[in-house]
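After this come two complexes, each holding chain A, first together with chain B and then together with chain C.
Up next, the complex of A and B:
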């Protein structure tokens, strides 16, 4: 497969999401406006109003109903998409679990934003990090280009009959959602061909009949039953098994997409940056990695052995890949743009530290909580973190395992 | 607007059941009767969705199901949003030629908790958007699935586990929310009330709700012996008394035009047929405390509000 000719468009992250959804032959979009994702809904309704898509757009009365309608549309056989942010995602919380439990491969863009109170519309990852256990695949984009690419890939990943898992693609509020960028876009037909049409795995009904897994009057089945202690546990285990297969599917889809677009992001799971010989490294996700890369370039030019590990896929957690990428690093700083109150550090820190416990090298691992509520992530902060890591190596001592950075103390 | 569908008792008896026996509803459960009767009203392929509640729990204990047609349950507060998603998916998949070009009807069921209280936002939104579906409220007047807690549909004076009749407070202090009128106020094309003892009327109204283009709302009275502390053999009798006392009058509103259904119309024409609420209340343990000197005045209050609401309904129907 050859790389197709592409069109460069000036799009902000929200518009890139809407454009990707427009090209992905989506059947149903049910959404509710909530800043900073509102532009996604606005652009998409323009496509509908101008007859540019044959998607049915349902402008629902809440985020709870937005995800519910996507869930039941997906179980009826439709490709369903929605978008949300912050409080909206929190309101969907209950249905996030129901969606993954019903194995409905809904795709959702989440424009990452702080949670109330106090109310704040700007970027951090509190909204999606708190949902990391809800059975959705989580992909975090670094820029608008990747946001566009990831939304298209998300349909192909989630709808894989082996998975049937919902996928959320996170993009940083305002930093990505409202910032204009040059985005290379594939031709409509190339995207349509790439995503294909939905396939339905066969399941056995209570009557012992083999039927496609969807609501169809010709092959009736009951979805979302009461499931007690005699079967619930096995069904949850099945979800986890699908999560276990997901890294392979994410890598394959990412690779296939790279062949037509010419763009790739590490292996689709993680993106190591100058890690081969790095002595110190930062681990982060989202748009901050762009800033970190700039600093890495700067420090590398001065001969310092620094690197970055960007997590693109946070759920499922690519344990093997992370282990391999970090096992030779001597000191690691994990940057968390969310806080697990009283939990000794942020969610990414918890994961990285527990993965590294199993390495024979046992690198130092420290945590920096940064950028809550949209606080600017200045390059100086990244300099300071690399400086701290250097000092840890020199003194062979961690002064503070978890610290806050870029705020008044 | 509606087909000329006519049926006899024999037709209904011979029509195969789509809500099957073997479910785990309690003895005397009127909601189970309501579901079975409504399934007799279907005109063709149909998808059913449910809010969390007793009938969902009793009919779909994995790996069993009582449903012969596609069924989905997702959560408590979103039956109408479930229907929105299903109806929209059917529309677009048909448009794109991915499913057969046949009519598939959508019915959402929810209890009083899932409708009056936690589900009203999704219901109001779905009706405002005009989705083509029938919403059936089976009203057993409390959260029976979780152990008889009061809802917006629980009547004045009823004792529930969260509005218990004590030594000072005589059960629920508030009045039943006029939910069907609220739905009519949405400019819904079809809204009606029905009760299981009058099965022909119930089936006819369900069929109308299915046939009408756009949203339809059917409020079905559904006695619950467990929650109402009534004899399991008297659910149908209690249903009849609710209509005869005008506690639960039967009517339909087609494009906002109210009209009384036969059994309530008969009372409107011959008011002497209207029975005192006492006859209805005395069959139910949830009102037992009202038949004591201390709380007896509550019965008068119930009679008063019943009469007042009945008069208002008569006005809406152009009678009186």
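Up next, the complex of A and C:
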């Protein structure tokens, strides 16, 4: 497959999301506007009003209803998309579990924003990190281009008949959502062909019939009504099995997409940056990785062996890939843009440290909580982190395991 | 549970029902069981109409009603509503 000719558009992250959803031939969009996601809903409703799509746009009264509408549409075999942020995602909490439990491959863009109180509309990852256990695939984009690419890939990943898992794509509020970037876009037909139509595995119904897995009056079936202590556990185990297959599917879809777009992000799961011979490394996700890459370039030009591991996929956690990428690094700083109060560090830190326990090299692992509520993460902070890691190697001692960075004392 | 349960690899995903609800015998949930006094019962069929589980049937061939204990959960609505007090709720294990 050859790389197709593309069109460069000036899009912010939200517009890139809406454009990708438009091209992905979505049947149903139900969404409720919330800053900084609003532009996605505005743009998409313009597409509907202009007749540019034949999507059913459902105006709902809340995010709880938005996701419920998408979930139910998806169970009938439709391709469903929604978008939210912060409190909106929190209001969806209950339905996030229902969606993954019903194996409804809804795709959702989450424009990462802090949770109240006090009210804050700016970026951090508190909203999605708290939902990491809800059975959704989580992908975090670094820039608007990747946001566009990831939304298209998300449909192909989630709808894989082996998975049937919902996918959320995180993009940093304002930093990505409201910042214009040059975004290379594929032609409509190339996206349509890439995403394809939904394929359904076969299931046995209450009538003993083998039918496609979707609600259809012609082939009656019931999805997800009730499990007690007899079968609930077994169904949860099935979801975990699908998550186990997901890394393979994410990699394959990413690879296939790279063939038509010419763009790739590591292996689709993680993106190592100058890690081969790195002695110290930062692990982070989202737009901050862009800043870290700049500092890595700077320090590398001075001969310092520094690197970055960007997590693109956080759920499922690519354990093998992370282990391999970090096993020769001597000191690791994990950056968390959310805080697990009383949990001794952030979510990403917990998981990276837990993975590295199984390595024979046992690198030093420290945590930096940063950027809460949109606090700017400027290059000096990244310099400080690499400096701290260097000092840990020199003194062979960790002074403080979990620190706040960019915070006034 | 009264049936042989299947493993997670054998059942359809997402809680798709692979057998009709009539095969799921909910009668074993009950603590109390409705017992009818055949002398007092006038066959008014009010209990048939009011049973929330459809577990009381009118049998035209017998011109009588019949409790289906496989599905009666023992809620006691029939006993409560019976206009002639012909139904008594007794501890299931003692009947």
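The rule is short, and it goes like this: the second predicted complex is superposed on the first by the 409 of 409 C-alpha atoms of A that agree within 3 Å, B and C clash if a C-alpha of one lies under 4 Å from a C-alpha of the other, contacts with A are read in each partner's own complex, and residues count from 1 in each chain.
One rule holds for everything that comes next: a residue touches a chain if its C-beta (ideal position, glycine included) is under 8 Å from a C-beta of that chain, and two chains touch if they have at least 3 such contacts.
Just so it is clear, the model here is predicted, and its values are computed rather than measured.
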- Message: Which partner chains sit in contact with A:102 here, chain B, chain C, both or neither? Use first/second/both/neither.
- Response: both
- Touching partner for A:77 - first (chain B), second (chain C), both, neither: first
- Using the touch definition from the top, say if A:227 reaches chain B (first), chain C (second), both or neither. both
- Message: Of the two partners chain B and chain C, which one touches more residues belonging to chain A?
- Response: B
- Query: Between chain B (first) and chain C (second), which, if any, makes contact with A:394: first, second, both or neither?
  - Reply: neither
- Message: Going by the contact rule set out at the top, does A:277 touch chain B (first), chain C (second), both, or neither?
- Response: neither
- Touching A:30 in the superposition: chain B (first), chain C (second), both, neither? first
- Tell me which partner A:409 touches in the superposition: chain B (first), chain C (second), both or neither. neither
- Between chain B (first) and chain C (second), which, if any, makes contact with A:206: first, second, both or neither? both
- Query: Once the shared chain is lined up, is A:164 touching chain B (first), chain C (second), both, or neither of them?
  - Reply: second
- Message: Can you give me the overlap between the chain B contact set and the chain C contact set on chain A?
- Response: 102, 206, 221-227, 231
- Okay, in this complex, where on chain B does chain A touch? 45-47, 49, 56-57, 60-65, 67-75, 77-78, 80-86, 88-93, 95-96, 98-99, 104, 121-122, 124-126, 128-129
- Task: Flag every residue of chain A that touches chain B in the complex, lowest number first.
- Result: 27-28, 30, 54-56, 58-62, 64-65, 68-78, 80, 94-95, 98, 102, 197, 206, 215-218, 220-228, 231
- Message: If we count contacts the way the header does, which residues on chain A are in touch with chain C in the complex?
- Response: 101-103, 164, 201, 203-208, 213, 221-227, 230-231, 233-235, 237-238, 241
- Provide the residue numbers of chain C that touch chain A in the complex, in ascending order. 1, 5-8, 11-21
